[in-house]
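Okay, so here's the structure we're looking at.
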Amino acid sequence: MAHLLEVRDLVTRFYTEDGTVHAVNGISYTLDEGESLGIVGESGSGKTVGVLSLMGLIPDPPGRVERGEVFFAGNDLLKLSADQLRDIRGREIAMIFQDPMTSLNPVLTVGYQIAEIMRPHLNLSQEEIAERTVELMELVGIPNAASRRKDFPHQFSGGQRQRIMIAMSLACNPSVLIADEPTTALDVTIQAQIIDLVKRLSQQFGMATIWITHDLGVVAGLVNRVIVMYSGFIVESATVLDLYKNTSHPYTLGLLQSLPSLHTTIAADRLIPIEGAPPDLLQEPVHCPFAPRCQFAVEQCWQENPPLQRVASNHDSACWRWQDVRAATE
Amino acid sequence: MSRTRPQAAKGGSAASVGAEVAGPADDWLVVSRSPVRRAAARFFRDPLAVTGLAIMALIILITLIAPQLYSWDEIINVSNATKLLPPSAAHPFGTDNLGRDQLGRVLWGGRESLRAGYLVVLIGLGGGTILGLISGFAGGWVDNLIQRFVDVLLAIPGILLALSVVGALGPGLVQVMLAVGLANIPDYTRLIRGSVLEAKENEYVRAARVLGASNGRIMFRHILPNVIGPILVYATLGLGIAIMITAGLSYLGLGAQPPSPEWGAMLNLGREFMRHAWWMPVFPGLAIVIAVLSINLVGDGLQDAINPKLRK
Amino acid sequence: MDCFPLHILHGIGKFTCNTTIRRNTMTKRFLLAFAALFVLVLAAACAPVAPAAMEEATGADSMMGGTLRIALPADVTSLDLHKTSRGDDALVVGQWFNATLITQNSDGEYIPYLAESWEFSDDGLTWTFHLRDDVKFHNGDPVTAHDFVWTYERALDPDLASPGTGRRLSGMTFEAPDDYTVVFNFPAPAISLLQFLNWGYMAPMSQRAVEELGAEYELNPVGTGPYKVVEVRPGEGVSMERWDEYNWGPEFFEGANTGPYNFDRIEFSILPEEATRIAALEAGDIDYVNGISNPLDVAILEAAGVTVQQAPYGQVRMVYLQNHVPPFDDVRVRQALNYAVNREEITQIVTDGADQVSRGPISPGMLGYDPEIEEQCGYHFDLDRAKELMQEAGYTYGDDGMLITPDGEPFSLTLIGEPVDSGTAYMEVLQSMWRELGLDITLESTEPSILYPRLTERDYQMGYGRRGGWTSYDYLYAIYHSSTGRDLPGSMRSAVDDPTTDALLEKNRAMASDNPELQGSINELYCHIAGQSYSVWISDGVFRPSIGPRVQGTVAGPAFAGRPVYFSNAYIAPEDR
Amino acid sequence: MLVYTLRRLLLIIPTLLGVSLVIFAILALSPGDPLAAVVSEEYGNTAEDIERIREQLHLNDPLHVQYFNFLWDALRGDLGTSFRGGSSVLNDILARLPSTIQLAIAGLIATMLLGISAGVLAALFRGGLPDKLTMVFAFVGVSIPSVYAALLLLLIFAVELRWFKVVGDEGLKSLILPALAMALIPAGVLARLTRASMLEVMEEDYVRTARSKGIRESLVTLMHIFRNALIPIVTYLGLLAGSLLSGQVFVENVFGRPGLGRFLVDSISARDYPQIRGGILFVAAGYVFVNLIVDLLYGVIDPRITYE
């Protein structure tokens, strides 16, 4: 069966005054119907740019999708006209953004902003749109939705705003939902509620989801498969369990070690941060981008950037020394 | 082993992609120096801004050497024989209605126009900065009082201020510019107050306060360096506007006194002859356009350098 | 345009006449022939337009109609005669909607208007005017001698504080022995003041209208002239309508229409910017402008079919000196300044020679001007003589050719003035010329509100001024008589206190215009004042009334009579309305 | 909001008091005698004449008495009578008000049409031809004194092309040229301001959100970018509207329009104290009022702004 979404060799760069930023360097992955995929990486790893690229949301200038194919329902999204792509955005692929504080337009009512997504995509009358807006708001758990429809974003708490974002993204019943760190800006207590909400609703509506996060812990219970990104490359890709158990990339290892876990009993002093600064994206990647921070780095890592290679069934890693890494975790 | 290890990423230069800018450190020197240096680097990489700066420097240089090229007698001596001559090799900018060489006058005029422009900006900037800082920082009744004062100043037409200053001090460009500078204070006050209110909420100001820094120290060491950027930009624009104002005031007989070849006065004189001798208004007008343009280019360059978000 | 520069009786001076006949070549040719004949026969008067001939050519009925559009340079301050005295307002209040006791014809002679005749008592202190009995105000009330007396007494009312009219009548009393006789009683002989009765502000006002309307009177003024005011739009303009009962028009020239005027309406628009007034004339949106200052604009206007009359207008351009303070308490210094001015050069540079050179206190556009006495007693450019005079006065020359005062200081003075009507250019040229004498002049050419206080407080040494409306030798009294005071406000005083000058001024004031000794007496005064060099006289500004091509049948008047153009026979051809 | 409005309206009082005090101070400190421009110098005035007029115009009263008389009269809607013509200052002002407001509104509209559209285009096609053209327009516009702009417009469109009358009422049409002349400089500034504001908003997250919804780009520009870019634009237009009430003397002169700008300059030139005081007080009130409207507009534009 064809994949719902297939990304092949996607390259996105930003041309800035300081030089060319190599944000995404040839990533490929797939997403099946109803599947949920996690993309994990630290700031600047290209995880967000990667999904924005396929949505056609990279601001040009300075950004440009240089290369690659993104098949969705048989079409290459990158080859569609602006109008065709617009028709897919919001209707087929919807997105929830990181910061609900800044992602809602402060001068428009939330009702308008939810209704807005339905107008071009659904053939509904004004009344029906208004009705559905209220339904959606109720669905995501906004009390007094009918009256609060006319309120502005600043009249809602952060969590509520994210719920509104979710309501918005669900409005057209998309087949793919991309959630870009939807909880990082929220209080810890709210985080769980929101994650739960998205999870519940995506299952209810049968949507495939892509979770973008820098927090491996978050995706653990959420997704089937995880992609780890570093410096615009996919460095490891595996099922969640496999990734935890058979970690095959030193960066993933670092992420796991810096993670306080509720399930394990690692003491705080045993959390190990990843040393060194994040990579300089302005440099043309010639060697392994993680090499400067890598405790496993050897001469080869400085000579050649390791390709993503299959290390086990459904498990890929881009490390010359993946076996050593895997051995080290055991 | 000679490998090129990547340097630590240059500050927040990749900020536009989403990397977070490092929070400012506590010592303002550290805070300000590096952004200033980076802004300067950005400024000098902008060809338009550098061109503007070069033209400005050239204008200043030319006006400085003008007295070597033309004597004051040549500037003021009238002659019927050379009246209203179109541009020629002898008089590249033509001659005016009293037979004076316009090139010489334009060169000399730059001295007065630029000096007047700087004076206006200095007064407006100085007064406005102090009032704005106090107003924004102190808040409460002090703020209220200053804001009402600014309202009053804004509500009184600048021309009345200009007339009263000239009435008291006698006519002359400097006197009028003093008044125009005064009239500019409200603009700067408002601008600076707004920035101060914003800056006051910043973490590092709170931090400084927690650490027990005095008000004066916070105001001048922590807030001022952070609000000065937009003000400098506004000031460069104000310089251009000030030169334009001299033309308007000459229309009313205020400002530079004859036979001073101040650009605004020349432009105003040219108005009477615009249908008979195009070169009379056009050359001083061009001088103003070029000066204003260069100042604006510098201003834009500064704006872009300080706030790279708006870059082209 | 037919212009006949003529020399008129008792030294009044030369002025140009013209007729503005366009498009109708038949009429023009006829008129040229007629005018030539007339000049041959009379040889002493300006060719009058032959209105009778024009009426024959176009038909009397068809001359009526249309709107005359006039541009004014400044807001009308007030249409209440006693609340303003500005020259710009005079055109509105005087020529169009008011009538005066007497007026002046194109020869400058005093002729009846509302008064049929008048006489002076032997001592010159009592003037008696006999009024017409058929004159009506615009509100229909008859005009009687009582209206005049009431009007003038109102002007003298201290509570009204009339700025112009009241002051001119100061010290006078008025009587109305019967309904049609008005008597003026003067405290001192001042027959030369007769001219001021031709001034629009001396018109009668309707007591009933003033009292009934109160503060509203200004917006609904009532007069006795050929047009009545129908709307006043402050800052924008005034609209007038023809007063059909008007039939007391004076005989400004032979064949002048004395009945209602031809234009249905007059629209005054206020256009402060001269360039706009010129553009409006050029585009045909305005029919008449009272003056054009830049001589270069004449060509533009003539190309657009506009007729530009050019005549000297008693617009004295002069530099006032503070005669009672150093360095001007020394007559040699004052004379040196006069000798050092090259008047031919200055008028050439500033006005292309259009302004008339004026070598002494009475200028060519003024009543009482005599070219021979000007030649004899006036100043001719003589830089060497000027330098000698300075040295006689104790000044020396430094190495740089600049003057040093007897105290050993560099000699520098400040000249202040208003930057209107080429004023700045005149001042700049003067500065340059006096630099040749070795005098370092600082200029202050500034706004009236700055200038006037400095003038009144005597916070200056030399003041450049241009006065319009001083159309008679009598102005000398106002600036050189000791009673005008050193310490009073008022801008252009010369602070002269000299018994000889006073006596000469008083003597002239007491002489009637038909006194055969008048010109001789004026000349004596001229030479005395010129010799004293109380001021630096430069030129007489040319006044350029400009008439658009739609208007036909205008006749040029002597500018000093307050009417540069007579409109009594003017009309707009039906096809142009 | 009602409370806020009322409070702001109350704040007008101290502001106007301040203005009146400053005017009085300025007039009192200016050297010279206001009578200079009032009495004519052509014929002799005696010292008694002068003294009488001075008394008549209350110029001999102590300054504080003059000030309180002025305040008291102003409170009763009486701004005094002109030194020169004796006309009611309030009537003088009201007579010029309609024309002033018409011109101010026309000038504002022209400024907005030119400035905002140029600024929006420049921001949308940043770095492209419209951007460059806008910059050129802004620079040239800012560098042409409005007197010249007005005269050139008049000569080209009224004298040469005859599309308009130089003078004469043509209804709304006669507002076009003066409005354009007035708009030239502020439109240049506004274009740059709009551009900068738009570019700043374009970077906002909610614009990306809007795009992710798949709505038309025109809708994104209008509802999401432009609406949010409005605040600095409105601030500038508010300042401009205030200055348009009194600062258009050049345009008023050239087009012969009876405006408050010319009225004020004329009365200042003539030192007509009642006209100066009344005129400036009126203009100041207008300015404060416009400011209030702008502040209330902020609330409409940006719901986050609340009026406590």
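Note that the chains take the letters A, B, C and D in the order they are written out, and that residue 1 is the start of every chain.
Here is the rule we go by: a contact is a pair of C-beta atoms (placed from the backbone, for glycine too) under 8 Å apart; a residue touches a chain by one contact, two chains touch by 3 or more.
Bear in mind the structure is a predicted one, so any value in this text is a computation, not a measurement.
Peer 1: Have a look and report which chain pair racks up the highest count of C-beta pairs in contact.
Peer 2: By contact count, the leading interface is C-D.
Peer 1: What is the identifier of the chain with the smallest separation between its Cα mean and the overall Cα mean?
Peer 2: Of the chains present, the most centrally placed is D.
Peer 1: Where the centres are mean C-alpha positions, what is the separation of chain A from chain B, in Å?
Peer 2: 47
Peer 1: When the C-alpha atoms of chain C and chain D are each averaged to a single point, how far apart are the two points in Å?
Peer 2: Centres of chain C and chain D (C-alpha means) sit 38 Å apart.
Peer 1: Provide the C-alpha centroid distance between chain A and chain C, rounded to the nearest whole angstrom.
Peer 2: Centre-to-centre distance between chain A and chain C: 89 Å.
Peer 1: Please output the residue numbers of chain A that touch at least 2 other chains, ranges allowed.
Peer 2: Residues of chain A touching two or more partner chains: there are none.
Peer 1: Among the residues of chain B, which are close enough to touch at least two other chains?
Peer 2: Within chain B, residues 163, 167, 252, 271, 274-275 contact more than one other chain.
Peer 1: Where does chain C touch two or more other chains at once, residue-wise?
Peer 2: Residues 275, 447, 449, 453 of chain C each touch two or more of the other chains.
Peer 1: Where on chain C is chain D touching in the complex?
Peer 2: 69, 71, 74-75, 77-78, 80, 83-86, 158-159, 161, 163-164, 167-168, 170, 215, 218, 233-236, 269-273, 275-276, 279-280, 282-283, 285-286, 447-449, 452-457, 459, 467, 469-470, 475, 477-478, 481, 483-485, 487-493
Peer 1: Which residues of chain C touch chain B in the complex?
Peer 2: Where chain C meets chain B, its residues are 274-275, 294, 296-297, 300, 345, 348-350, 418-419, 424-425, 427-429, 431-432, 435, 442-447, 449-450, 453.
Peer 1: Which bits of chain D are touching chain C when the two form their complex?
Peer 2: 30-33, 35-47, 49-50, 52-53, 56-57, 82, 84-88, 91-92, 95-96, 99, 151, 154-155, 158-159, 162, 165-168, 252-259, 262-263, 266, 268-271
Peer 1: Which chain B residues qualify as touching chain C in the complex?
Peer 2: Where chain B meets chain C, its residues are 76-80, 83, 97-99, 163, 166-167, 170-171, 252-254, 257-259, 269, 271-276.
Peer 1: Please give the residue numbers of chain D that touch chain A in the complex, ascending.
Peer 2: Listed in rising order, the residues are 127, 202, 204-206, 208-217, 219, 223-224, 227-228, 301-304.
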